[in-house]
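There are two complexes below, and they share chain A, which is joined by chain B in the first and by chain C in the second.
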Partner chain A sequence: MKDRFALFSLMGREGALSKVHELIREVKVSRVMTSGPLTVSPNATMSEVKELLRQQRISGCPVVEGDTLVGVVSLEDLIHALETQNLDRPVQDFMTHNKLIVAHAQEPVMEALRRFESTGIGRMPVLDGRDRLVGIITRGDITLALLRTLQGVYSEAEALQDRPQHFFEALESERTDLTLRYHVKRGDFARGGEASAKIKQALLRIGASPQLARRVAIATYEAEINLIIHTDEGGFIHADVQPTEILVVAQDPGPGIPDIEMAQQPGYSTATPEVREMGFGAGMGLVNIKRCTDNMSIWSMVGVGTRIQMFFKVSPDEARKTGAQ
Partner chain B sequence: MTLDEILEAVAGEMIVAPPFPVDVEHACASDLMSDVLMFVKPSMLLVTGLTNPQAVRTADMAESPAILFVRGKYPPESTIALAKEMGIALMLSPYTMFDTAGILYVAGLRGIGKLSTVRQQ
Partner chain C sequence: MIVNEIVDKLGLTVLAGAAHLTREVAGGYVADLLSCVMAAAQAGDVWVTLQTHLNIVAVAALNEVACIIVAEGATVPPPTLEKAEEQEVIILSSPLPIYETVGRLIAMGV
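Our next item is the complex of A and B:
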């Protein structure tokens, strides 16, 4: 148990308690409730209610007329009807109809929890802003949401603990060197960004700081999109990762850039309208790469190809300060 | 600002719910993915009219936890599938980009502030 708390404390501000706190204080009833609940009409017989409760394995349900909530019928009301042998009488004779305790879709779960405690009831119909029935909430719904949140936080913390706390900590050798290679196809927008996402994941897995991983991912993503948009037949991305520096190279066999200086001007682009419609070709790709790297160089020759080299220094700070963001 | 508050403000629809409760501190509205990548801040909401999977990729690179699509443009299945895989929330606003941004600004969400001039050739 002690270990678990240690895990949670790793997560700092985003820890388990703050997640649970947030859930209770800030999450709205609408997110936890069961929407579109089963309902009965006030004219249905208690015998029909008995069948509904039995078949659906529920212990009560709202009674509605059109969109309007008129009452709640529970197992207790059914027992009452059974005892007095009135199963053929309508629901409206047995249901609770005045001083109905309800929850509102937009109120915090906390408020609903308080009402459950002060009234001792087991379920509340949930109304929207216009007093229409939109769901039902039980104590169980709240407990379940809490447990799910805790489970999520716990696995997040576990993943964090599995991650090395120092860059390359898990791999020890005299000269460690990790090479990742990806082929990027021309025009393959559907898979565009896959290589960059994989490089980012790999960096995080070997203990890179989120900031370093983000810098590398953004620069690589821009280069990857360039291979998809501007090349004759795509190209390759290859990342050479070392404990103190990372080199990512994007290379293609054509067509080559006629004027490299021009290509690096903010806003300059040769992209087609179709590419622009997809959100690219704003002429900021190389500018963005430059911003994210510690050093970058472009070599290109028309008819031969293009090679972009992107250097990232792994600062001692970035190498040390990993894990918790 | 929570995603529920955002949805309430723009009378929007949740398409892919986030794996955890999400709070965004800033927003960036753009259809140009390089611009988004240029201005990234953690916990940023991405407001865009671009519904292809690249919007999700961009959000992932930028560590943006949620995307709000504008103009009621429902994203294709490929975008939804990638968002689920990446754990990025997707929402839909029935308003245009301008109206959506205005409504959210009034509701208290802020952008990235003033930027310096970038001269073009």
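Our next item is the complex of A and C:
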């Protein structure tokens, strides 16, 4: 990392600022608060409060009767009780119960922040729509949520900067040729899409634009699922990546497609009812592949196997990291 | 609009991907056929479906949809949720039928 300030300017309004902005204006108190806070009953003694605050290392807590908030007892109230040697008196004699300052679960964090600012208090009980106590929010909770959001944005931007800005920029040679190979097992639905995801990841890592990576991934996914559903024992996916073109080949040793033309009709599928129930077998696989590729060809022979070649031309726009949307 | 606004306005339950709720939403798409989703859903779409098995995560991740909303309160199996966390895919649950879920999404401007 050369210059961390440059990084922040790179994130600009679209990055850190807008995320923080969203957090403060749009995120509700309920997402940031601590739910199910410790509470005491108004009839508990101040001595019990002293033990609770000491053991839990907190500086105050809400006082509730059932679900209803009736007051807040703080360290200050406890000191008051200590000074007057009234530790055996009930909480309700010392707690704050007038003009309680509270936050609402559904209000934006921004509103809660304003109330902290204007009142100078350190914590607020949080009430739901029916005025029941559901949590407690502190300035610390808001700071923590802000820092977490910033950290997320920061690592995103860092990952972005570590990536090359131009396809293949990071790999220099007279003739660069990257080969990726994956074995796909028949019936392995649990890992369906893994090979496609890995190819996509590899492309992004060497600087492909998101659009290029996405169209290669979608076509490869369909071919991968075909290997899982329609083959005898699965097959192989082989991606050959060059700076100006990408060739992905899916190949299997059987059973082969009897009528290739029919197989390419939108909506035609030989998938079993079980497979269809999972949402596959829409008869759109090969149609999707055709749409995402610049050229594709299918070779198949019953009893021998099938080979689908998917060809992608890397357009100048797609070669740039920030290619046109 | 971000995913979190949809969670709040529709009262959805976040089943996976709670750390990514500030993701931007661009539009929406409804289908239970995965190939249709692959073909027609756009990056940033909210995908409303009844499918809950593992492969919806791969489809969502490859297609870069903003989030998956599983309608009718359907139960999502734990392996799907684990995979979703791992791939940073947001899965939300709506107790309403698809028709009403989508109606509310459209009404709020998705």
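Please note the rule applied: the second predicted complex is superposed on the first by the 312 of 325 C-alpha atoms of A that agree within 3 Å, B and C clash if a C-alpha of one lies under 4 Å from a C-alpha of the other, contacts with A are read in each partner's own complex, and residues count from 1 in each chain.
We adopt the following convention: contacts are C-beta pairs under 8 Å (C-beta built on N, C-alpha and C of every residue); 3 or more make two chains touch, one makes a residue touch a chain.
All of these numbers come straight from a predicted model, not from anything done at the bench.
Overlaying the two complexes via chain A brings chain B and chain C into a clash. Residue contacts after overlaying the shared chain place A:262 against chain B, while chain C stays out of touching range.
Using the contact criterion defined above for the overlaid structures, shared-chain residue A:221 touches chain B and also reaches chain C.
Of the two partner chains placed by superposition, A:243 touches none, neither chain B nor chain C. Once the two complexes are laid over each other on the shared chain, residue contacts for A:125 go to neither chain B nor chain C.
Touching of chain A by both chain B and chain C, each in its own complex, is seen for residues 19, 22-23, 26-28, 31, 106, 149, 152, 189-190, 192-193, 196-197, 200, 210, 214, 217-218, 221-222, 225, 278-280, 282-285, 287-288, 291.
Residue ranges of chain A in contact with chain C, taken from their complex: 19, 22-23, 26-28, 31, 106, 149, 152, 189-190, 192-194, 196-197, 200, 210, 214, 217-218, 221-222, 225, 278-280, 282-285, 287-288, 291.
The part of chain C that touches chain A in the complex is made up of residues 2, 4-5, 8, 19, 21-22, 32-36, 38-39, 43, 49, 51, 53-59, 61-64, 79, 87. Put simply, chain A touches chain B in their complex at residues 19, 22-23, 26-28, 30-31, 106, 149, 152-153, 156, 189-190, 192-193, 196-197, 200, 210, 214, 217-218, 221-222, 225, 262, 265-268, 278-280, 282-285, 287-288, 291, 325. Within the complex formed with chain A, the residues of chain B that make contact are 2, 4, 8, 19-21, 23, 31-35, 37-38, 40, 42, 48, 50, 52-55, 57-58, 60-63, 78, 118-121.
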